[in-house]
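The two complexes that follow have chain A in common; it is paired with chain B in the first and with chain C in the second.
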Partner chain A sequence: MSANNVKQPQKNLPTGVKGALVGAGASCLVLKAGSGYGWMLRPPGAVAEDDFLKKCLRCGRCAHVCPYDAVKMGKLSDGLAIGTPVIVPREMPCYLCSDLPCVKACPSGALDPELKDPLKTRMGTAVISEREECLSIKGLRCEVCYRACPVIDKAITVENYLNVKTGRHAIFEPVVHKKDCTGCGICEKACVLERPAIVVQPLQPPTESWYES
Partner chain B sequence: MKVNRWTTGRRCVQILMLLLLATPAFGWTFFEGNLGAAAIVGLQLSDPLAALQILLLTGTLTATMLSGTAIVLVFYALLGGRVFCGWVCPVHLITDLVDLLPWPKRLSSWSLEWKTTALIVTVIMTIILGIPVFETVSPIGITARALTFGVSSSLIIIVLIVIAELVLVRRVWCRSLCPLGGFYYQLGRFSPLVVAYDTTKCTHCGECQRVCFVPEVLAPSLKSQRNMVHSGECTRCGACVGICPEKALDFALRNPFER
Partner chain C sequence: MDIRRREFIKGAAAAAALTAVGLPVNAMLAQQAEAANMGITWDKAPCRFCGTGCGVLVGVKNGKVVATKGDAEAPVNKGLNCIKGYFLAKIMYGEDRLTKPLLRKGDKFEEISWDEALDKIAAEMQKVIKESGPQAIGMFGSGQWTIHEGYVASKFMKAGVGSNSIDPNARFCMASAVAAFMKTFGSDEPMGNYDDLDLGDTYFLWGANMSECHPILFSRMTANRVKNPNVKIIDFATRYSRTSKEADHYVEFKPQTDLALANGIAHVIVRDKLYNEDFIKANTIFKTGKTNIGYGVEDNFSFTDKEEVIDFDTYKKMIKEYTPKKVEELSGVPAKAVEEMAKLYADPKRKVCSYWTMGFNQHVRGTWVNQLVYNIHLLTGKIAQPGQGPFSLTGQPSACGTAREVGTFAHRLPSDMVVMNPEHRKIAGKIWNVDPESIPAKPGFHATEMLRALDRGDIKFLWVQVNNPFQAAPNVDRFRKGARKKGRFVVVSDAYPTRSTEVADLILPTAMWVEKEGMFGNAERRTQHWNKMADAPGESKEDLWQIIEVAKRMGMGKLFDFPKDKPLHQAIFEEYRQFTLGTGKDLAPYEVYKKERGVIWPYINGKSVPWRYNEKYDPLVAKGSGIQFYKAKKYDKKAAIYFRPYEPAAEPPDASYPFWLCTGRVLEHWHTGTMTARVPELHRAVPEAVCELNPEDAKKMKVKNRDKIRLTTRRGSLELLASVGERGIPGKGSVFVPFFDENKMINNLTLDAFCPISKEPDYKKCAVKVEKV
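And now, the complex of A and B:
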């Protein structure tokens, strides 16, 4: 009787352990496969990405309170980041609400409540990624990104210099100053080109927590 | 046909919960979040398993989560842990409806004990991967997200669960695999509210076991003449109470530490 009782679990356990391992392995693969290929623009106050993935509860409260519906939720293809908040500026940038409702809504501190001033957030930084396409750098009077910037004349300034192609006109080049750029993505959204010449990119090297304290 | 009042009532609560989760999509603001963490008219709530994962990963919890978890823990500890499964969880509603179709009843079912293994695997994977694993892959979170953010590819997990329950194993997710079910099972072992029955009225017709979601915890109690279902597996769904033609079953209070 007692011998039977001892043998029984030994017979059953391996199947269970196998099942658990297969399940765990499969979900590991699915999650890992989708991650690491892209950088995601997080809402204001987001702590450094490694910590963010640990702290974020995937509850969606930041997205529920965002008045612009700028905060989207990560999909299955985002791997480890499935269900985490992400901002896609070209769809809807962050408009830096003065009361930061997303930060207030976050229950777990993934969006750091220490952030009080939206202009101090450092979600990323704008970069002129397509110099050859930028209308202003081509010599036209565009400067839409400069006008749209919520930190105009600090985060984006316009530098003018002689257009050597014509020899008699000026080029008014928008220049991003990382120190003041919030990474909100309004410039990326505003860019008149089909494929924006100015985009938000990660801060290099990433700061410890992604806002200016 | 006799109406099972408990099942009808529970269905209404389940649908109300589903609507509550969907309210942010209508632009209403009194509710935000999902079953992992939420605020209902300012009252902060958070799921204890979610809090446990964050605690393991970061070593700390915010005051918001601590108080939200305490409220939820006390609530389910009093009512019975798996009350969450039976009355609140949207995935349970989906699989309840799938189980109303005639053919899943012919399928075999798996042991209830797997849930605890699933819970342990989830906790270990949380530490290995460095993310709150259950919040990431949870079909409960995915269902709630689909309600407010629209249908997405993540819903594949719900499809897989429904297919598995239609063709492979009856109620496999809620009975045997859900780590959160495993968590609430542990919590429900010590709750005072239980199903009790009057052994003198029982005619052993078996109706209660036919409607029960976890008949293996109902049956032994009936046979052994113990007059209460002590297991934490019971979702307190009340189906047995509502169906009993002799009114032999009812909810009762017990001393949780006395068996």
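And now, the complex of A and C:
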């Protein structure tokens, strides 16, 4: 009876492809909607990508223990990532379990065992990738990403300014602050647009600038 | 009207990314536009959801709504919408739309024809009337009924069946505001309009999460502040919400102590002589009523107030005990803040508005607390002027237009009249062309009591239209069981399967929104018309057709024998309009509504009155009087300042149930989610109800965000995920659960205590136990 008819694009290969086909799929890397331009969103506590690929045993334990089935094992089409764990937020984001079962399950340190507080993970950072599509910036009262954010008012805030088109309404623009963004992808999943206007992208260190000092 | 180029380009881009399912609105539009070379026709309608009444343009092709967009010409929203309004085009096309009448056979439903269904209803009603009398017939209506539907239903029950047991779910929503407006001003509904959001500079919100529940109005208030740094927004609440975040001051009080807080503000205004003496003398009287008035938790509860007129000095003495210090003890609001807020309210340089919704209305002293805010505005004379006044926001699209103005309550008749008054029955009898004696003089069962009566057997036949009481009523499990008892017959008219159709004996597939012609009245007294634009699927029929057809079968067809030279809906409206003319609630001619983006009443001499009771705007005010509350006829056209004390809640927390349970809404879903949960995008945005905990309480219980918890009250138990530090932070010792989720029936836990005056239940306060699972 519930309108549970939300259908998401499904990956078409079953998990558990055997064999070390590292690199074989590199030329057919698939740009999945919302997965951030082909890069891999790793589970919480994942070490830097180069290191991660070395350390990850492709054992699938993190995926196995994920209560939301958010962690999936990479497939042929994922190229270099074959057999490694990935999160595709638009299918299922990371809900930042308080006990971090995926981190606990990792036997190799690919997911850093030092991570104890899920809100301290930095898997990536959300970015409003299409400002011109964002309904909130158009003046609608949407801000679904903001209210869905588990670090609301820190990782995503809302900035008000006048909607010059009507002259008497305010625009409530969601703004991401990467310092506090975990990269969980809940906002990307929640975005009401067909192609989300907010997506998780790789986290780059802040650029140093004389201007800021 | 053509689609504009911008929409077309936008749609075409989206069409490129089309998938087979879950088309977004603009993709649907693009697909249609490409296929049919823009063969879409557009027409105006008010939004189907809350009481704001945003205007939208509806795009229709081949009898189907293919797109909607904000109406740039609508004064309420100027082309904007909230995210629910953005997805309006999808609410009619859920996969499980009902298309045929369904009759219960044991645990199953069987398709039957409309003739069989209507015959069955007429036969069941006649049987009940014969065996138990007309008072055993109940109709559970709605603030989502169109004006036409409410009018037809009211006439059918009161003038035809002879039962006043017709009550809307609006009883659950704004009955306290009605009772308070009637008592204080002698006429229902606010005096101002939404322009006050642009024109004031000081906004007090009381128990209103306006940012989420009235998003477009809040956007307007925020724009005022963006333009004018002097504007202040003060949020009085028990839960830190998105509104609190946006407010300049968040003032948290303990549940129920808003009574003390409002009295404390009045105390300071009186103590420091910050009141407007001239205004008080010219425009007010002072009154008080009974105290210790009970909570209505027992069946057949009855209450009659004993009001007495007092003078200003007596009022001053009575308010004396609400010192800021005492208010601090009761409410937790620092005495200094009480002083500051009182001064802000009274500052002669500030234009002050108060807005409230369910925090005030769903309250065991709802009528009182509404009146206490009027008191502040009356003491300071800040009322009925541009940018100044008290304003009750509404939650349903026609809570005002239908429930309140048509008067679809158990005690009301159209245009502020009541069944108890023989003069009023006479007026109704004349317009309805029936013997006034045939309209019962005794009020029928109010909404909560009607459901209790169904359980007891005092109501044997219940017809539910355009709402979902078997999810939304407080302490609902009792009523769900009652509905299934032997000897009860429950009819539910709806577009979708709901928790209410689940307990029905007969389900009628029903046309919704623009699948029929209709009118809604919003919170600022704006009445809005729309044409029938789309076809209802299958055999769905509109509610008023269903009622008229049953009436004909019961020999009451004469009631609906409208002039044949006019379209039915016009004829119905024109009959109804007679009730309003010359009353100060005058509606405009039908043609005006067809043309305009809504018209604010009273509509006098071809003009809307934007601020009632103000000589400058309202021709009904006697010349030279400035402000005049001319509807308060009993007291020489003066409004009443009522002394009402603080009294505790019905079921405060104790050792066994140590927390307060509060329920409410989220922006993404509307009421019980029967429409919004069928929009895939909104369902994805907020897929289930969670329970918000205060972070300190959660820490003590070792509950973390998204841990599973169990809530238990004296009535029921429910498991939910905990939400800690997310969109809402309840005060310490409180938890909050939204009620949209049909899989998380929070109303199995809530208490059916109500305000003895308004009979509106308190969904905001009962005692609950919280355990980690």
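Here, the second predicted complex is superposed on the first by the 167 of 213 C-alpha atoms of A that agree within 3 Å, B and C clash if a C-alpha of one lies under 4 Å from a C-alpha of the other, contacts with A are read in each partner's own complex, and residues count from 1 in each chain.
We adopt the following convention: a residue touches a chain if its C-beta (ideal position, glycine included) is under 8 Å from a C-beta of that chain, and two chains touch if they have at least 3 such contacts.
This is a predicted model, so every value here is computed, not measured.
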{"item": "First, second, both or neither for A:53, with chain B first and chain C second", "value": "first"}
{"item": "First (chain B), second (chain C), both or neither touched by A:82", "value": "first"}
{"item": "First (chain B), second (chain C), both or neither touched by A:73", "value": "first"}
{"item": "Chain B versus chain C as contact partner of A:194, first or second or both or neither", "value": "second"}
{"item": "Partner touching more residues of chain A, whether chain B or chain C", "value": "C"}
{"item": "Touched partner set for A:65, first chain B, second chain C, both or neither", "value": "first"}
{"item": "Contacts of A:140 with chain B and chain C, given as first, second, both or neither", "value": "second"}
{"item": "Contact set on chain A toward chain B in their complex", "value": "16, 20, 23-24, 27-28, 31, 50-51, 53-61, 63-65, 72-73, 75-77, 80, 82-83, 105, 107-109"}
{"item": "Residue ranges of chain C touching chain A (in the complex, touch as defined)", "value": "14, 17, 19, 21-22, 24, 27, 70, 77-83, 86-87, 94-96, 198, 212, 215-216, 218-220, 222-227, 242, 245-246, 497-498, 502, 666-668, 677-687, 704-707, 725-727, 742-743"}
{"item": "Interface residues, chain A side, partner chain C - complex", "value": "1-7, 9, 33, 95-99, 135, 139-144, 147-150, 152-153, 158, 160-163, 165-170, 172, 189-190, 192-195"}
{"item": "Chain A contact footprint on chain B (complex, rising order)", "value": "24, 29, 32-34, 36-39, 44, 46, 50, 54, 57-58, 62, 64-65, 68, 114, 117-118, 121, 125, 129-133, 135-138, 141-142, 144-145, 148-149, 152-154, 156"}
